[in-house]
Each structure stands twice: as structure tokens, then as C-alpha cells.
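Here come two complexes built around chain A, the first alongside chain B, the second alongside chain C.
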Partner chain A sequence: MAPFPQSSPWILPTTKPKSSPLSFTGWFVLVAALVGSYHLAEISPGKLLHTQGGSSLWGLLAEFFPPDLSAEFLLYLIVPTVKTIQISIMGTALAILIGLPLGILATSTLTFAGILFEGGSLSRSSRRRLWMLPYLLARGGLSLLRSIPEIVWGLLFVRIVGLGPFAGVLAIGLAYGGMLGKVYAEILEGVKQSPVEAVRAVGARRFPLVVYGLFPQAFPNFVAYSLYRWECAIRSAAILGLVGAGGLGQEIEVSMKMLNYPQALTIILVSFILVTLVDRVSSWIRRTLL
Partner chain B sequence: MTAPNASPVQSRPLWGAGKTVVLLVGAAILWSYLGTGSNLLLPFQADGRHQVALFFSQLFPPNLSASLLTRALRGSLETLAVSIMGTLLAVLIGFPLGALSAYTVMGNRRFSEAEGSSAVARLWRRLIYDGSTLLLNFLRSVPELFWALIFIVAVGLGPFPGVLALGFHTGGVLGKLYSESLEALDSRPLEALQATGASTLKVFLFGMVPLALPQLLSYTLYRWEVNIRTAAVLGVVGAGGLGQDILVAMGLLHYQDLATFLIATLAIVIAVDFLSTFLRLRLIPS
Partner chain C sequence: MAPSIEIENLVKVFDGRVAALDSLSLQVEEGEKVALIGPSGAGKTTLFRLLNCILTPTRGTLRLQGCDVTRLSEKSLRELRARIGTIYQQHNLVPQLRVAHNVLAGKLGRLSTARALWNFWDPRPDGDVVRALTQVGIAGKYWERTAALSGGQQQRVAVARALVQNPDILLADEPVSSVDPALAQEIVSLLADLAQEGGKTLVVSLHSVELALAHFPRIVGLRGGKLYFDLPPDQITAELLSGLFTRCEAERGVPERVLRGAVSPVFPLDSPYDKA
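After this line comes the complex of A and B, so read on.
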């Protein structure tokens, strides 16, 4: 940021206080939205002081302590914990499986635009237009996949493949596949063009061009972003159990329904440890591979 | 490729030191595949295809009757309201905690030394800094839906526990993002401000906040986009909004109603994405 406006050297370097960034209508809409939301969301802070059980919020939170750390319960949690890890891994793997092909199709520089298609004859330019169709379909498909939250996918798949972790895998796979595909496409479109041109200058056809010119540049970012998504997947896997898709979420729902708050707190702590652990493993993989 | 003077292609570590990692990741995927009872051949098996096709064909045509559309609209507005109020609460929680857990506000040698603070004052500062960092950590490590379960016990079913759940979790996330932006500011304008005799509070209010504001706004809008998605599912644990409608329609096997609610979910998610992008362009000078 240049401290002095270049055009007017005689003005002291103070910025004139801008007029409000919102117009009158803007402020009106903002205030109306806030007031409307306050009512629609049935906000009633008083309820926090006198909760349903008659105690305060602090009184309720105190009931969660101390966490249930009995050996019996901890041993019982091993299976759901392992399932949660497995759902996150398999879900991310499926997301890559879905996201990569769709992401490649959704990359304009791979389907119809840019250096790969330069110097084409007339017939090729009409073929180019034909390739826009899969591009648009892939973009739309990815947007659809990621706009439906994974919990809703979970609900649907529990209905289709039954209760259990597989439904969770499918939910994460589809929702995250949509996000990964979009980001893969962005990464592929953002690679530097000079190495691609260099590979083409030695006479490479289109396929080697993509494999040796594009992918090596995109690979580190692919790995980094996929690992980041795995870190998110472990959180999703932990809550997908709430809709019956296996793992820790299922256990926390049971504990809350039975009003066994110390057990619920233990499960929250376990999922916290799990998330931390996955962050560590993921950064280790990132360091080793990149 | 056996030419004696092969080009000096930069060797990727993928098959060097990274070989173990690749094998381990492969093994982990296999282990998870078996452990979750996954069946990725599902789309290639006649039986599985039939199951999936049957389910999705039941969604058509979506029920577009006036009464259902009214319900879907009401659910959408409630979801929108929960996401807005939840994000607002998150700002109210995240901003003070984020400021207190930014070392440039609380512990920076430059600012605290200049005030000639005593050892006791420094200790207090340290305690507040560590305390707020820890609290933010805790807030964001409990997922929204777990917070919702807790708040439903406290304040009953409905959208209000959803607002609290979003506010607490997102407050933790925003607090961390805010403190990172406050820490990453260019220190020169702040030093200039301090040189005019401004106190730490004034440096914060008139230096740091205005400088960081575009970034803070951008993060807040980004979290709003996340929150609309979460608000749409909070209903599955009983915290109002479209999630509740989706759950009821599923329970009653009213799949054509379900289709309408799914379309409504898509519509508000995409609408908020657009609105957020519009506001970002409008409010934040690039």
C-alpha cells in the first residue's frame, strides 16, 4: 500500500473518512434482516438463566463433570473410535476417487481452453465446443455434490444402504468429492504455463503434456488439500453417527438420550483427541511426501 | 530412458523416502475399506443400482403443493435466521476472545515494555492470553451438532439452541482467525500511532482494528457460508430449520416432500454463497 496517493503529492497522507460503505437501503436491509432473524430464531436469552431443569446453564454444564473414565467405558469406546477413523479414511479416499475425474473434466485448460488447444484447425475448434458440455456437466455435478451437507447425504444413504459406517463413507465421499473436485480444478487452472509450453516445445502430444507438464506442478497442492480435507473428514465422521452412520456420533446420542452426561463428555474428549491425532498424522505425511 | 546423459529431471520423493508413506496410506485405505463394510462395486451391481435408482426415483416429482412450499419457505427462513444469528453470536464471542489471544494485543514486547508494565501486570497479561487461547481451542473443538445436543437439554427444542451451538463453535473458529489476522498486521503504522502517545487500547481501536477490518469481515462472511450449511442440518438433532423438515419427511417416507426440502436446502446454500460473494466485493476494497 503506497502511503502517498501518487496523483496528489501535496495532500497529507491521511485518508479522508469514506462515506458509509452501505447505502441507506443497505443499512435498512441489514437491520431488517437482523431484527427478523432475531424473532425467527426465537432468541430468548432468559432461557439460559432458567433452563428447563430449573438450574442455570452453568448448573447443567457442571453435570457433565467429571467425565466417565472407567476402564469399562473406555474399552467400549475403542470400536466406535476405530470405526470413526476408518470412515474418515475411506470417505476421503472415495472423495478423491470422485473428485479427481470430475475435477479434471471441470478444468477449462484441460477440456477446451488454453495452450493444449492452441493452433487447432476448424474441425478442432468445433470439437472444442463439444468438450464444453462435459465441462459444464462436471462443474454442475460438483456444485450439487458439495451444496448438500454431508449430514443430509448421510440421512439419504442410511436409507439406501442401511445403518452403519458405509453410509458415512458415502456421505463424506460425495460431499467432499464435490469440494475436492472444485479445488483440484482450481489448482490445475492455476499452474504455471511455462513448464507446459516447455514440454510442448520438445514435441509432446497432449497426454504426455498433461502427465509431465501439468500434474507434477499440481501434485503437491493436490496432496496438501486432500490431507486438509481428511482433517475435516474426521470431524464429519464423528458427527455422522447422529444420523445412524456409525462411529462416535452414535454413542454420544445414546449417552445424551440416557442423560448420562459424563459419558457424553468422555466421547467429546475422545473425538477431540482423535482430531488432534489426525492433524499430527496428516502434517507428518505432508512433511514426508512434499 | 537409459540414455547416459538423461535429462536432470528433479526426482520426486514419492518413490524415495515417501515410499513407506504411500504404502502405509494404501494399507490404511484397505483397512478402512474392510472395516467400514464399504462396497464400491455397488454402482456396478444390478442389485445395488436398483436400490439407488429406486430411492432416487421416489423423489420425483417433488411435491410442489402450496402448503408444502409454505412449510419449505418457513423452514428456509428459519435456517437463514439461525445462520445469521449464529454468526452474529460467533462474532460477539470470537472478537473479544480473539483480541485477547493475539500476542500483538496482549504480550507484544514493543507495546508492553513501552508502558513500563510491572511483573504482576505482565503475569496477568500472560494468564489472560493463555486463558482465552485455551477457551477458543475448547469452543471450536466441540462440533456444532454436539453443542446443539447440549443446548437442547438446556433451553429445549427449537432454533434457539441451534443459534447457541453455531455461536459457540464458530466463535472458537472466528476467534482464532481474528487473532491470527491481528497478529499478522504490518507493525509500522501501529508504531507510528504509538509514537503519537496513543495507549495500547487506542492503538488497538484506531490502528489494529481498522487495518484488520477487511480480513475480519472476509473471515466472517466465509464462516456464514459454512454456517448456512450447518444450520440446514441442525434440525436432525432437533434444533429447528430445514433439517427438522427433512428428518420428518424421511421418517414418514414422504419422499416427494423430502425432494422439495432438499431443493430448498440447495437453494438457500447457493443463495447465501452468492450473497456472501456480493457483500465481499461490495464491502472489502481489494
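After this line comes the complex of A and C, so read on.
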């Protein structure tokens, strides 16, 4: 006789649930994609080491050494280096300026869903649905901004505002604004709702409610992710130089075109040091601030 | 004078499926002190979230100080919320903020947006705040980060926030389940005394039946979203209590969906365990 009554079907499982057939399909697609892409991307490692025609890997690398460490060239690099840092800082600042308001609009828990919209009269639900429009527009805008790579934005803005750092700032600002806004929205949607509910329950107005209950919870993650984006912006600022947006990238391009590889290597080393430094600075800010 | 709380046939259904409250009727007069007891899942927390105007009733009437909550404008609803204070089981403080901000948040219902933002920037304590913090015994922690406090200290901060709010109706949902018995006794007495002095209406849900019987002249038993009894403590018998807390199927961990027959049990009934 069963020791459990019929109405209590909650019995411990004795066998591991079978993995779904979907996972086999998944593996198959993954392997097929790898094999297919290998051929379609015309991958042939031999080409890296060939000796006839063009320059071989080793030959080219040898031409880079030793790096040009003359005082004259290093002094000359100070201005482009500072310019790269400035592009990254202004670009990130612009990205935050674009990302924050759009990110807030793209947060469903702030515009139409969740605990902030519970309570009170039932007839208000239709007005709530009206707020989905700015939400959807913000989501769409953010996707558009970040789906265009910063290098394409850069090419575009060099045409509009001319060669120079400003084009780089705009390119980083728009592309990164799209990424920041999306992540800000995700952070805001992910905060613990119970403290927000408590602040709402004391009768707080909408804006103070967000300032007291929501933002303090999201702030550490906002700072951490914005700093990470700043690190990426330094790399981007260097690359954007290639399309004429000034800074170290432009110097690399000039050196490479003039076949002055030792100078190019020096610039690469400088960017490497720069990225490492920014990494240090941002992790220091994170540690002290959070 | 309208009663503080008037509930008639109140129903709250979540996601159109699970009824947390099932035609509950209850009336609490101004200045009354009521303890709410019942098993977990009885609907106590849902009742509190309806009483502090966070949730909207699905059906039935809920009148607070004579106002029907489903008919209020957003503004009147906010003003009503300012007169209802809540203390939560999980404190519901913002852990990243200082104690100062969490306590001052209690005033937000009465402040203009500008004043609220100024207080956030410069959270200096005023007379109310000092009095509240002294009453709960954590005046020395005012500038500390809330997350750095122990569970008991955080619960005191939550009580201080409600004191600073100075509401007409004070709700406390399991306010002492995360503190040691001595502090639990202390907090419940504090709440009862405060309600007594200020003529406030007090509704407290408690796990501890002894605490409820010792401090409250009226005990409401809630079970399965329904009123199980509503009696003074001297009429609460052991049978009533065991009836209230006897576990039924829904509370033993069987998902609601299985009970309603929406999905079949995952495991066959003739499992190896049955043959043992």
C-alpha cells in the first residue's frame, strides 16, 4: 500500500531528467557553424608563414624592431596621447548624457509596469499603456545607436564636422550611449523592488521616490559599467584615429603609411600603457567609491 | 468618525489565478490595536500591501479613514499613503544608503519635491528624527551605511522610519521575526505604547502567538485568505489555534498549479518509495 495518500503526489525524483532534444540540435548547429565558417572565412594558417610575395609575418615583425624611443618622437607623441584621453573622456561623458535619459525611459519598471503602477483606481491602466510609446521609442533608439559601430559613426561624422577629435567624441558618444542606455535600463529593472515599495508606501512623490529608493541601489552598478565603457572608449579612441578622428590612431596610420614601423610600434606600446593605466585608474575609482 | 479600516468582501487575486485574499471582511476602529496571526500563506502580507495602498483590491471594498481606495485620484492616494506607516519583515530599507536617508524617507509623504531632494543632499536630523532614533536606541548609527548594520539594528531603523512618518495607522508585517526574543518583546511593547500614546490604529502580524496574546486586546486569525476568528485574547483556545495552524495541502509545498489540476504531478504515484 502506498504510504502517501493519493492527493499528495509530491515524491522525490529518483532519475535525472533527460536532457532535451533541443540541446543536441544546439550542439549540431554550433559545430556546423564552426566548420562552415572556417571555410567561408577563407582561413588558411599557412598564409601567415608564406615566404613568396608580400611580406611574411616574421619579416614584417622584424621591421618593427626596435621601437623608436627617441626623445624627440616621444615628446611629439604627448599631444596625440592627451588627445586620445580627452576623446575617450568626452565621448564617455556624451554617452552617459545620451544613455541615462534614454535608459530611464527604456526601463519598464519606471514607465508602465511593476510595483510603481499598482494601487489605486483600476481605470488608470489605459493611461499607463500610453507610456509604452516612449518606452518602445527609447528601446528602439538605443538599439539603433549601438547597432552602428563607432567606426561607422566616425566615418559619418568626419564628413559632417571634419577631421579631428570632435568626430571621435560624437562617434563614441552615440555608439556607447546606445550600449550604456540599454545596460542602465537593465540595472534599473534589476534593483530590489521591496525598498522601492516601502518608499512608495510612505506617500513619496514620483521623483523623490526614484532618488531615495531606486537610484541608490543602481548607482554602484552604473559607476562600474560606465567606467568599464570608459576603458573601452580609450581603445576606440585609438582606432577612430584611423578614420581621421585624431589622437594616437591617426599617428599609427601615418607611421604605417610611411612604412615607419618602429614609430608605429612605439605608438602601439604607448596605447598599451595608456589602456593599462586607465584600467588601474578605473578600478581604483571603483574601490574607493563603492 | 469613520472607522480606520473597513474591509468588505475583499478579494485579491494575483495573475488572475491565485486568490491570496478570499472575501475577507474586517473593521478596525480608530486607536484599536489588532494582532494578526495565521500560518504562512494565509494572506497577511497581501492584506498589508492592500492596507498601505500599494496593491489594488480585485473585488470588494477597502475604505481607509472613510476613503474608498479604488476611487481616489493619484494625489489623494499619495496623501492617504502618507498617513499609513508600514514596518516590514525584511526591513525594506535601501542598503546602499546611510541610516540618515532611510529614516528621513519616512517624511517623504509630507515634503515637496524640492525639500525632499534637499534632504537627500543634506540629511541632517531634526527633532523628530532624533526622538525616533533615541526611542529605538540607535542614535549613534545615524551616519552609518545601512548595509553595515546587523539585522536587529536594521529593524530598528525601519521602526524609526515609521516613527518619523508619524502615521495615523501603523501597520507592521512580522516586525520581529528577524530579531532575538528580548528585542522582539521590546519592539512590540514600543509599538503598542506608541499607538496608545498617539491614539494610533495599530495592526501587527506576528509569528509568535504569545506576543500577540500578551500585548493585544484583539486577535484576528487569518487562514487561506479568509477570516478564521476575531476574538479577544481570553477567548482564544488551544483548539482554535491548532485549527488555525494545522497545515493543509497548499501549505506543504505542493505548487498551486498541481492542486488546481492545471498540470499533472511530475512524478508517477507508483514510485519506488511507495513499495517500501
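The rule is short, and it goes like this: the second predicted complex is superposed on the first by the 233 of 290 C-alpha atoms of A that agree within 3 Å, B and C clash if a C-alpha of one lies under 4 Å from a C-alpha of the other, contacts with A are read in each partner's own complex, and residues count from 1 in each chain.
As a convention for this text, contacts are C-beta pairs under 8 Å (C-beta built on N, C-alpha and C of every residue); 3 or more make two chains touch, one makes a residue touch a chain.
Model, not experiment: these values are computed from the prediction.
> After lining up the shared chain so the two structures overlap, which partner does A:Gln86 touch, if you call chain B first and chain C second: first, second, both or neither?
first
> Once chain A of both complexes is superposed, is A:Phe24 in touch with chain B (first), chain C (second), both, or neither?
neither
> Among the partners chain B and chain C, which is in contact with a greater number of residues of chain A?
Touching more of chain A: B.
> Which partner chains sit in contact with A:Pro216 here, chain B, chain C, both or neither? Use first/second/both/neither.
Both chain B and chain C are touched by A:Pro216.
> For A:Phe65, using the defined touch cut-off, is the partner it touches chain B, chain C, both, or neither? Pick first, second, both or neither.
neither
> Could you give the residue numbers on chain A that contact chain B in one complex and chain C in the other?
216, 219
> Mind pulling up the chain A residues that touch chain B in the complex?
Its residues touching chain B are 21-22, 33-34, 36-44, 47-48, 51-53, 57, 60-61, 64, 82-83, 85-87, 89-90, 93-94, 97, 143-144, 147-149, 151-152, 155-156, 159-161, 164-166, 168-169, 216, 219, 235, 238-239, 242-243, 246, 249, 252-253, 256, 264, 268, 271-272, 275, 285, 288-290.
> Could you please specify the touching residues of chain B with respect to chain A in the complex?
12-14, 17-18, 20-22, 25, 28-29, 31-33, 35-40, 42, 51-52, 55, 77-78, 80-82, 84-85, 88, 141-143, 145-146, 149-150, 153-156, 158-160, 162-163, 229-230, 232-233, 236-237, 240, 243, 246-247, 250, 262, 265-266, 269-270, 282-283
> Which residues of chain A touch chain C in their complex?
2-4, 6-14, 115, 118-122, 124, 194-195, 197-205, 207-209, 211-213, 216-217, 219-220
> Which of the residues in chain C come into contact with chain A in the complex?
Touching chain A: residues 49, 52-56, 69-74, 77-86, 88, 90, 92-97, 101, 105-111, 113, 116-117, 120, 161, 165, 249, 252-254, 258, 265-267, 269-274, 276 of chain C.
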